[in-house]
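Labels run A, B, C and D following the written order; every chain starts at residue 1.
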Amino acid sequence: MKKFVNDPKQFVPEMLKGIALANPDTITYVPEYNLIMRADAPNNDKVSIIQGSGSGHEPAHVMVVGPGMLDAACPGDVFAAPPSDYVYQTAKLLASDKGVLLLVNNYTGDKMAFEMAQELAEADGIKAATLFINDDVAVQDSLYTVGRRGVAGNFFVMKAVGAKAEEGAELEEVVRVGELVNSVTRTMGIALTACTPPAKGAPLFDLGDDEIEVGVGIHGEPGRRRAKMVGADEIVDELLGAVVPDLPYRPGDRVALMINGLGGTPISELYLLFGIAAQKLADMGITVARSYVGEYCTSLEMAGASLTLVKLDDEIETLLAAPASVVARIF
Amino acid sequence: MKKFVNDPKQFVPEMLKGIALANPDTITYVPEYNLIMRADAPNNDKVSIIQGSGSGHEPAHVMVVGPGMLDAACPGDVFAAPPSDYVYQTAKLLASDKGVLLLVNNYTGDKMAFEMAQELAEADGIKAATLFINDDVAVQDSLYTVGRRGVAGNFFVMKAVGAKAEEGAELEEVVRVGELVNSVTRTMGIALTACTPPAKGAPLFDLGDDEIEVGVGIHGEPGRRRAKMVGADEIVDELLGAVVPDLPYRPGDRVALMINGLGGTPISELYLLFGIAAQKLADMGITVARSYVGEYCTSLEMAGASLTLVKLDDEIETLLAAPASVVARIF
Amino acid sequence: MAGKLSDVEWVVKDIAQTIVDNETYFGELDAVVGDGDFGFSLARGFEIVLADWDTFDRTDPGVFLQRIAMTVSARIGGTSGPIWGTAILRAGAQLKGKDEFTGEDVVRALRASVDGIKTRGGAELGEKTLLDALVPAIDTLEAELAAGHDARTIVNAVATTAADAAEATASLQAMRGRAAYTGERSIGSVDAGAMAIAVLARHLADAWPA
Amino acid sequence: MAGKLSDVEWVVKDIAQTIVDNETYFGELDAVVGDGDFGFSLARGFEIVLADWDTFDRTDPGVFLQRIAMTVSARIGGTSGPIWGTAILRAGAQLKGKDEFTGEDVVRALRASVDGIKTRGGAELGEKTLLDALVPAIDTLEAELAAGHDARTIVNAVATTAADAAEATASLQAMRGRAAYTGERSIGSVDAGAMAIAVLARHLADAWPA
């Protein structure tokens, strides 16, 4: 394993320290609870938005803290949900008169940690709500499982609730738009390589030189099936073929289209995929009104990409277009 | 080779098409000359800024076209300077009363193409200047070679001349700030893996499982030396040890610090490196006043990072802080 | 067979040490169809249990277990933090106020752990989780106690059952946790959590004082 | 030995085809201490030369070469576009207006190419570039012409010199192009551009009409 790391156990804290040093005026790092928060939070006139999840998905979620998105992120270790106590402590620190919204990607560990934290917070008299994100079409929903996973589409939910909270909306309203966006968002991913968690030191699975994993999870969980590598056109067909019929997205719809890199794929290839997908959607009569190309929710250095569609209406489009400024930035 | 690509020969055009489709209102793609330009350029009250270079370094340079940075980028194939004719055609399309500034990373091929293009443009009566960027300390300057390479530090030159041009400054003034920024910018990079150009289909060099390439170029050119993999602290010592004494940067200096990913390294590791570097600079009495963490100038999917310092003064700091909005973006 | 605080201390310490020692192995088990963090998560938490060993409230065996549970809950992430934390907390509740406890008390405590795990994670037997090793192991414990066997015989029988049951999870399809996402592809490999139960039980049996 | 347009056409076509056929090999040579794009760059340009073959102005051998040069300049990137474009342009200038040309005219044209390459890229002999194969090859051509040998003998001798000279670049340290960044590490492998000259010369010699 070759990674820029000192002690693998300190990987997440050292990353968080870097975030804080890069944003000394706007971001506070609380080492006791592995927590990154807006320096000016909480604000009693605004619902506090908190997202936690395993690390290794950066920029999600620690790097989307800032005005218009998250008030705090409480990450776990790489690919492990945060301990419930840290989520609870985060909720306490961010408690606002308007309430606290806990955003959770729908995984067993995250769900349990956030539910326990919500219970504890409510016992302290904190107004809290939990919202689950489950946009991954690779997993069939079922009564017997925890259900679909939250993957790159979580960006849109975070953006929408962040914008709504910034307007001063009540907790119920913020929850409503979050659920609305989640309900019209679908994602499907493909991996070209596995990734190596720093503490494990070896790849999570083996893929042959001409193999791809279709429907891969963002933690290296295997996907729907293993397939032979094909050209970019066919990859896009596979992704759209899974996503479009699922909602379904129909001719006449306006959508946001995201091509998200899983970590190891250059942005040049992501734009190439975007161009193909946008063209194919146009051919289906679906209008791409907002576009997102880059890394939003990664799986360490995994090579691969996911495609997300969000069906837009005026309300969602306005929230997605609202200004925001987060840790991840160019200038 | 597993990459999202159809025909490797069409890799760059298909990427450019994706850029255009993702930015239909603001960006124009001119397929004849492999050119990406602001839809509202040229503007006769503003110097036009053009940068060209081989592809494979995205977001440099095609994805930093936009208000406040480039008016156009004319990329070559992966790792190959653009043909001089395309540079010339770009200069013609972007010709403005205030003149055209051609930014060139200092490589033999790019230098020749841009010099030929400037000659041709001037013969057409276009006011043109060429500015070379050469921030890479890995290469010792010498009378016998083309000199130091332009690498990730080119971002700061593009940002500064872009901001100056936006103010309506004359060509000479824009050239002056570009030269100023270039003269106080230094970069050093380290690769953990090689990269695979789509048309080649195989890695450009072989690195052992515990080997790193110190002072690597952004085209997979081997660097200063091959070394054993070490921890992140020692990596940062190596990078700072090459960069700091070169200008030199001194106690009391204010600097911009960039940790640039070479393509395959997750942003989590880049923030980890940033934190270490910022701490070490503080210990030297050097103040990090502006911070940049992410991918600015890559080498396809190479795992690795470079560290850039820019010595700030009030003029440079104002130009770097000026608003800009380019193809690469989050929202 | 009667137990007291020092017995609980011995068992918890042996489990904690075995978890730390098996970090890599447990992680590899989880990597087959999961995400490979199981060993890391457990080890980071039980490392702290060992480091803070002398600081836990030892009013009685139940209180001691509850303090251990709070550390585990607070410091272990992933699915395992809530699952193992809840399990230990519920067991502690059963032993609270008892300076001495019987074998039957232990069975009752472990049944409470199972209920806690089921409530927390929604899993049932046969869904390829640690329950599929834990429940048969408790059944054996109960039967062996009823049969009046000596302690060494009992812990050996429990370890054997846990091992067999863990191996048998290979034929199950995962319905819970990340492994469930792989559907039928989860069949053929053992569950990481179940195998961990087997390893812990085997180490306890082997180390059991004569 | 007198030449005419059809001879130039034959040579250019053979060179173009050999470049397209050797794309991978030339790229591999450049990957050793360069960036691996040399084969790709040359092939993309000469592919277009072949595709547009019938469209070039054939007023005389010089004009024809100048048109080829413009396509090469316009469509080949990297260092090779300006270098090869300039070389062909300068050769064309020497043959302009000559419907027939002599062996001495060819030597003069190739010397002009060398001067053009030096002006464009600033390289001198011994700096590990294509010049280190091209210049010895031209020297041999000149000597063989002076000795009055027949055409087949001459082209064979030229190809042999080019091959030997290209091999000999392995002992040189690169001072130009991307390979120069590797300093002493460039010693030990041949220069891609020089080797391309040798391959082109060998193919011309082998294919030379009887």
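Note that in this section contacts are C-beta pairs under 8 Å (C-beta built on N, C-alpha and C of every residue); 3 or more make two chains touch, one makes a residue touch a chain.
Keep in mind it's a predicted model, so treat the numbers as computed, not measured.
Chains touching both chain A and chain B: none. The chain with its CA mean position farthest from that of chain A is D.
One finds 54 Å separating the Cα centroids of chain A and chain D. In terms of their C-alpha centroids, the spacing between chain C and chain D amounts to 75 Å. Averaging C-alpha coordinates per chain places the centre of chain A 32 Å away from that of chain C. Taken as a contact graph, with one node per protein chain and an edge wherever two chains touch, the assembly forms an open path, each chain linked only to its neighbours along a line. Pairwise, the chains that make contact are A-B, A-C, B-D. Of all the residues in chain A, the ones that touch chain C in their complex are 9, 54, 76-86, 107-109, 112-113, 116, 138-139, 144-146, 149, 197, 199-200, 204-205, 217, 219-223.
Against chain A, in their complex, chain C makes its touches with residues 27, 31, 33-37, 40-41, 44, 73-83, 85, 120-122, 127, 175-182, 185. Chain A makes touch with chain B in their complex at residues 2-6, 11, 14-23, 55-56, 58-59, 63, 159, 192-193, 209-210, 212, 229, 231-233, 235, 263-276, 278-279, 288, 291, 293-295, 298, 300-301, 303, 305, 320-321, 323-324, 326, 328-331.
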